[in-house]
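Here's the structure, in structure tokens; my notes come after.
Each chain gets a letter, A, B, C and D, in the order it is written, and its residues are counted from 1.
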Amino acid sequence: MRALGKRCWAIPEGYIPPASTGTSRQMTSHEAVCMLNTGEREAHVTITIFFSDREPAGPYRMTVPARRTLHQRFNDLTDPEPIPADKDYASVIESDEPIVVQHTRLDSRQAELALLSTIAFSCD
Amino acid sequence: MRALGKRCWAIPEGYIPPASTGTSRQMTSHEAVCMLNTGEREAHVTITIFFSDREPAGPYRMTVPARRTLHQRFNDLTDPEPIPADKDYASVIESDEPIVVQHTRLDSRQAELALLSTIAFSCD
Amino acid sequence: MRALGKRCWAIPEGYIPPASTGTSRQMTSHEAVCMLNTGEREAHVTITIFFSDREPAGPYRMTVPARRTLHQRFNDLTDPEPIPADKDYASVIESDEPIVVQHTRLDSRQAELALLSTIAFSCD
Amino acid sequence: MRALGKRCWAIPEGYIPPASTGTSRQMTSHEAVCMLNTGEREAHVTITIFFSDREPAGPYRMTVPARRTLHQRFNDLTDPEPIPADKDYASVIESDEPIVVQHTRLDSRQAELALLSTIAFSCD
């Protein structure tokens, strides 16, 4: 299949709850950026995180192999730094190959139950 | 009415919970791809499923008749193979006629209660 | 303000639960099409409803005044016929003036609590 | 990073529950407009609120600094007037610099649990 999508995407919404908030672990939510690479070349992806009160964090680097999808949880990003909890953030996803990007928030009360989702904004 | 929409759509998010996860059947969720064919000719649709760790599955073939909508649950796809549970997936929907595609996750605790939805990304 | 938006929109997803399903009235959900007319002329809107197993219903006619929004519940449409419950449907919204259209499902357990939402697909 | 996005966005859906509705404060929901300014110049944003039965309110003015995101709750807008509760509304977001806009509804039962989200409609 040809490589579908765009090389630049933005997601203005993002929030990781403070660890102390969850009275039970069941209520923890996770935000994920779902990326699809339909093409024949691996896509090298860079994510930049924007905040309301400090300079951006990143770049966070990852690879989406050819003909594969990668559902990356923001909570799992650690290099160059974890995304701080209890702070509003936004993200920009850049790729050297076309990809398609969807933003999803999961509620782990039930395994992988999704609470919201939207196709990201393509900036190309 | 003229045939509205596009011939290629992508949905990066997808997940079918493992059967063993649901402590009660009520918590099972279903993902659906809602397709609308407003035109006067039937649309022959092909769905390809992408994964994070294996080659794509499909093609899954179906028809959306003229002036009809088809709300296809991913869980109901069986030919050429069921979509494996407990694995992240993504989908590409291709049609020989223009259609409009929306991604919806349903929560069967309440009949057809929807939990998330987004218009898919049009790749044309 | 100038008239923002498009004259044709599509929403592939739609479902009204059967009356008998709701064990309690609190779980009833309502689907709405939210229309915004930012312009200086009233918009005359026509909605056509598509099904999986019968010919389309409609046209349903309504007016969105200049500089106004109209949040129309599908459940409240009665002329030329109510939308049948327990059937998948889809909708096309056409207007003689540009409008912006968003699809929202409400959960009446809590007043107007929204469960899902997406900007509709613009067909222009 | 270059300034991503558009200068005009629309969100047809909006609703603030009446204060008396919430039997418990836990069920209060909040709607937010999440704005991302990836560029090097601050963005001066104007929000106009449209209703079903009265003239629009606003302009509400705010600034999104360079390389920052602002998650603005509609409930917190007070100048020139609070947004009335228990009324359907819609919003148009205009900026002198490109921004990306996402609409999110939060459920404060759990800190910042999101219930719905969609990228706004870009009007440029």
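One rule holds for everything that comes next: contacts are C-beta pairs under 8 Å (C-beta built on N, C-alpha and C of every residue); 3 or more make two chains touch, one makes a residue touch a chain.
Since we're looking at a predicted model, the values are computed, not measured.
Enquirer: Using only Cα atoms, superpose chain A on chain D and state the rotation angle in degrees, rounded to the nearest 5.
Expert: 90
Enquirer: Same residues or different residues: which describes how chain C and chain D meet, taking over half shared numbers as same?
Expert: Since fewer than half of the residue numbers are used by both chains, the interface counts as different.
Enquirer: Cα centroid separation between chain B and chain C, in whole Å?
Expert: Result: the chain centres lie 22 Å from each other.
Enquirer: Using the average of all C-alpha atoms in each chain as its centre, how far is it in Å between chain A and chain C?
Expert: 31
Enquirer: Would you pick out the residues of chain A that each touch at least 2 other chains?
Expert: 115-119
Enquirer: Note which residues of chain C are touching chain B in the complex, please.
Expert: Its residues touching chain B are 8, 10-15, 17-18, 21-22, 27, 29, 48, 50-53, 55-56, 88-90, 92, 103, 105, 107, 115-121, 123.
Enquirer: So in the complex, the part of chain B that touches chain C is made up of which residues?
Expert: Those residues of chain B that touch chain C are 1, 4-5, 32, 34-36, 38, 67-71, 100-102, 104, 110-119, 122.
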